[in-house]
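Let me begin by handing over the structure; questions about it come next.
The letters A, B, C and D name the chains in turn, as written, and every chain counts its residues from 1.
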Amino acid sequence: MTDPTPAHETHAHQTPTHWTLTLVCDDRPGIVHAVSGAVVAANGNITESQQFSSADTNTFFMRLQVMAPVDRAAFEQALAPVVERYDARVQLDVVGRPMRTLVLVSKAGHCLNDLLYRQRGGQLPIEVPLVLSNHPELAGLASFYSVPFEHRPVTDPASKQAMEQRILDAVDEHDIELVVLARYMQILSPELCAALQGRAVNIHHSFLPGFKGANPYRQAHARGVKLIGATAHFVTSDLDEGPIIEQNVVRVDHTKDPSELVSIGQDEESRTLTQAVRWIAEDRVLLDGARTIIFK
Amino acid sequence: MTDPTPAHETHAHQTPTHWTLTLVCDDRPGIVHAVSGAVVAANGNITESQQFSSADTNTFFMRLQVMAPVDRAAFEQALAPVVERYDARVQLDVVGRPMRTLVLVSKAGHCLNDLLYRQRGGQLPIEVPLVLSNHPELAGLASFYSVPFEHRPVTDPASKQAMEQRILDAVDEHDIELVVLARYMQILSPELCAALQGRAVNIHHSFLPGFKGANPYRQAHARGVKLIGATAHFVTSDLDEGPIIEQNVVRVDHTKDPSELVSIGQDEESRTLTQAVRWIAEDRVLLDGARTIIFK
Amino acid sequence: MTDPTPAHETHAHQTPTHWTLTLVCDDRPGIVHAVSGAVVAANGNITESQQFSSADTNTFFMRLQVMAPVDRAAFEQALAPVVERYDARVQLDVVGRPMRTLVLVSKAGHCLNDLLYRQRGGQLPIEVPLVLSNHPELAGLASFYSVPFEHRPVTDPASKQAMEQRILDAVDEHDIELVVLARYMQILSPELCAALQGRAVNIHHSFLPGFKGANPYRQAHARGVKLIGATAHFVTSDLDEGPIIEQNVVRVDHTKDPSELVSIGQDEESRTLTQAVRWIAEDRVLLDGARTIIFK
Amino acid sequence: MTDPTPAHETHAHQTPTHWTLTLVCDDRPGIVHAVSGAVVAANGNITESQQFSSADTNTFFMRLQVMAPVDRAAFEQALAPVVERYDARVQLDVVGRPMRTLVLVSKAGHCLNDLLYRQRGGQLPIEVPLVLSNHPELAGLASFYSVPFEHRPVTDPASKQAMEQRILDAVDEHDIELVVLARYMQILSPELCAALQGRAVNIHHSFLPGFKGANPYRQAHARGVKLIGATAHFVTSDLDEGPIIEQNVVRVDHTKDPSELVSIGQDEESRTLTQAVRWIAEDRVLLDGARTIIFK
C-alpha cells in the first residue's frame, strides 16, 4: 500500500508523533533487540507491542506503536540497519491517519451504510474518495454522507472489462490503499485480483455447513442451521477463498424464515466487514502465506 | 422411540404425574382448543407449552408439560378424539424419566466423559446400560461411572458387520431409545442408519468454511480460520448431513497450532453433543422434514 | 396502561387484525382450554403462544398473538366468560401499535439517541410525544428527530417537586403508557415511584461485584473487573432495586482506562434499555411479584 | 512462588529450552531494548511477547517466551544487568512445566472434576500431589484420577486450626506453588490468607446485582436476575474481594428455578476457575496493586 507522508512530517520537529511500525522478516534471533535499539535511537517510547513467530513459514511479525519526536525520514534512518541486516519489510504509519479506501457496491446498502456511519462517527479511520457501483440504487446513501458515487453498468464482457479498468484507474487517481467489496456482486477477473492482491477485502455469508450455489439462505433454512455468519477475507483469484480476516456467527432457530435469515445475516456481514476494515486501516493485519496475523 | 410405561403408571392413582406431551399434525384451526380440552378431560394442568406452525410443510408442532392425576391409559383415552380428528402423532412421556441410551465410542473420551459426568450429576436425564467401542481405551472411564463397557474390534468387513449386528442387538436387548455416537470413528452402513433413523445422534467438528478430507484441523489452521465449532445432528445415511440439532462455535486466532485447535474443538464437541442429548431426552426435538424444531 | 382503540377497530370488519392478548390469573386447570375456546369463538388463529406457571406465586401468565377478523368489542365479548370465570386480567393490543412513551433525560444522550434512532428506523414500536429534562443539553438531539423537548431545571426541593408534578401532568396530557428514565440523574420521590408503578423503566450500570457510591467506573477499574454491564428494570421506590427486565455484560481487560470503561458501559446501557423498551412495547413483559416474566 | 529447576537444566547444554520470562519494574524508556539485549546474550529467540504500562502505578509489565540453549544460571546471569539497572523483578519458568498445585475442596465436586479431567487431558499444566478436604465425599473422584486425597473434618476452632496448619505443612512438604480453593466452603483465617498471598485462588458465584448472605441463588431467583456467573480471584484476607482473574456470566430466564440456577452457576464456576488456574500455571497473571494484568 502507498503510505503518503503527512505534511507535518516534512521537517524535523520536537512534538512527538504516535507511529505505527510493522515489520516482517525471516525469524532469526536478535530482531526485537535490533528494533528496540532503533526505537531508542529515535528517542521513542514503545506504547504497544505485539509479535508472532510463525512456525509454518519461519516468519517473524511485529507491530509496535511508538511515541517518538522524529519525522519519517529520521525514523527510517534509525530503522535502516535493521532493514538491511534482517532483510525486513518495514512500514511506518501515523496512528489515526485515515486510510484511502475505494468502496465497490451493487444494490445492497447495509455494508456501505455501516462503513460510512462509523467513518463519520470517528470509529473507523478511513476516507472514501469514491464509491463505484454497477447499479444506481445506492447513489442517495453516498450523497447523504457526501461521498462521490459513480455508476457504471456491467451487462456484458465489454462493460465488465471497462469497469475493471475504471477500478484500476480510480486506485491510481485517488492513491487508494484499500479496496472494499461491500457486497459487490461481480466476480473479479484473475488479472484484477492479482493487481489488487493484499489490498482488497471481500465479505460473504458463512454457514455451517457451507452451501454452494444460488440462494444459500434458502438452503440454510431448509437444513435448519442453528448458526449463520459472515467471513471477511482478502480477495484472491479464487474469490471466496482468500486469507480470512474476521468471522462472526449468530444463533438462529426454527422460527426464522429465509427472509429473516437474510436480515440477520446482513447484520453480521456489516459488522464483520467493518471490523476487518478497521483492523486493516490500523495496520493490524499481516499476511503469513494463506493465513492472516491479526494484532488486535 | 419406545416409551415404556413406568411401573407406577400401571394403576389408576391420585398422585399427579408430570407428563410431557408432544403432538404433530397438519396445521388447521382449533388444534390448541382441542388438545387443551383433552387435558381438561384428564384433569390436567398445563405447566409448560410451546407450539410452532411450519409454513414450509404446513405442519403444526406442540409440546406441553401437563401435571395430571391419571395413568397413561387414561391420558391416551382423553387424547384419542384429538388424535383421530387431526390425524395427529402424539407422544406421552414422564418428565425426568431417564432415556435409555446406548453410547458408541472409539478412543477419544471427551464426549463420553461429559455425558457420564452430567448424567451422574443429575443434569442429564439418561441412563446408559451399555457403552460399545471398537477400541479398549475407554473401559476405565466407563468403569469409573459404573457403566458396562464392551469392546469389539472392527478391523475388516466381517468384524464391522458383527459390530453393527451387536449394536442392533443391544438396542433390542436394552430397550434403547437413543443411540449416541460420541466420537465413534466408524461410518455406519446405510442399513444401520435406516434402522436407527430418528433415534441416533452424531457429533462432528464444524468449520467456516467447511473442509473435506483428512485432518480438517490442519486444513483449518492452514486457512487461518477464526471460528471453530461443532454440530450435533441426527444420523442419516449421509453420515454428516442429517437434521441439525445444535451448533456451537468458539473464536480462535493465529496463535493456535493445530493441536490446540483440536483441544478447543473437543470442548465444543462435548458441550454441543451433551446439549443435543439433553434436548432429545426431554422430548424437545421434533422433526420437520430435514429440519429440527427445538422447544427449548 | 391505557390502550386506546385504533380507529379502524370501531366497526365490525372482515379484514383480520393481528392481536396481542396477555392474560394473568391464578393458576388453575382449564385456562388454556378456555382461552383457546374464546379464540375459536372469535374466528381467530393463534400465531404465537407462550405461557408460564409461576410456582412462587401460583400465578398463570399467557401471551398469544391471534389473527382474528373481529374488532376489539367483539374480541372482548368472546373473552368475557374467561375473564369472569378465572378472575383474569386480560389486555388486548394490536401488534405493531406504537406505545406512547415519555422519555426523561439529563445530560448524557447515548440512551436517548439509541431510542430515537431505532424508533425512526422502524425497529422500536414507540412514539415519543415529549422528552423532559432537567438540563438543556439534549435539546438539539431531540430536535434532530423532531421530538418535542422541554427543559425544567431541578435545583432545589421546590423545583424538584415542580418537575415531578410536570411528569405526572405530561403522563395525563399525552396518554403516556410508558415512562423511560434514559439516564435521568434524579432520584424520584416515593410518591412518583408509586404513581408510575409498573410503567416506568430505568437503566443503570452493573458490575461484578457491585460498587456503591460515586464514580463506579473508577472503582471497577481499580478492582480490575473483567466484565461490565447494564441492567434495565422497573422503577420502584428503591430506585435501583425494581424487577429486572434485561441485563447485558461485555468483557473488558486491564488495558481499558476508566474513560474507556465508561464508553463501553454506555453502549451496554443503550442496547439494554432499548431492548427492555422494545419488549415492554410489544407486551412481552409481565410482572410476577418482584420478578419479570419475559415472553421473547 | 518457588520455581524448582528441572533436572535437565543442571548442566550447560545445547538443546534449547523454551523459557517463560516475566518482568515487572518501574516504567522507564529502554526496558524492552535492555531485556531483548539479555535475550540476545543468552543466544535466545523470543517466540511470544506481551507488555503493558500501567498508568495507575507507573509500572511496566512484560512476559516473554524465549527459546534459548542455556540453563537457568546462564540465563539469570544474562539478565542480571537488567535486574540491577531497572530494579526489576524477574521470573524464569519453563514452558509447559506443571505447576505444583494443592487443591482444597469440601463436598461439591464440579470444580475438582474439571481441573483433574483437563489436567489428565494435557490441557492444564498442573500436577496435584494432594487434595485436602473437610469432607470425605470426593475421595472417589480423586482416586479415579490417582490423586492422593486426605480428609480432615473441620467441626470446631481446634480442628479448623489443625486443618490450616495441615495446609501450610502440605505447601512446604510438596513444594506447592499454587493453592486452589475449588469450592472449599471454609473461611480462611487472616493468617493463612497472608501466608498464601498471591498464590491462592478462589472461585465464587457472581450475580448482578450482588447478593449478600445465605442462599444467594434463591435471592437471585427472587429478584429474577437475567445473568448469573462466577468470579475467580486471588485470596486475600477479605475472602471474596481479592484481585479478579477471570469472570464469566451466562444468560438465564424466568423459567429457571433455584436448583437450575445452581446447576448453571456450577458450570460457570468450573470453567472460570480452570481458566484462571491455566493462566496462573502459564505465568500469564501479574499483579498491579489490586488489579491483575492477564497476558492471554
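The working rule: a residue touches a chain if its C-beta (ideal position, glycine included) is under 8 Å from a C-beta of that chain, and two chains touch if they have at least 3 such contacts.
Please read all numbers here as calculations on a predicted model, not as lab measurements.
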Shortest chain-hopping distance from subunit A out to subunit C: 2
Interface with more contacting C-beta pairs, comparing B-C to C-D: C-D
Centre-to-centre distance between subunit D and subunit B (centres being mean Cα positions), rounded to whole Å: 38
Inter-centroid spacing, subunit C versus subunit B (mean Cα positions, whole Å): 39
Inter-chain centre distance, subunit C versus subunit D - centres from mean C-alpha coordinates, in Å: 43
Touching two or more other chains - residue numbers and ranges from subunit B: 48, 255
Touch-based graph of the chains, sorted into line, ring, star, complete or other: other
Every chain pair in contact, whichever chains are involved: A-B, A-D, B-C, B-D, C-D
In the complex with subunit D, residue positions of subunit A that touch it: 27-33, 36-37, 39-40, 45-47, 49-53
Subunit D residues touching subunit B - in the complex, by the definition given at the top: 48, 110, 113, 117, 121-123, 144, 255, 263
Subunit C to subunit D touching residues, read off their complex: 52, 54-56, 206-210, 221-227, 229, 231, 240-241, 243-249, 253-255, 257, 288, 290-294
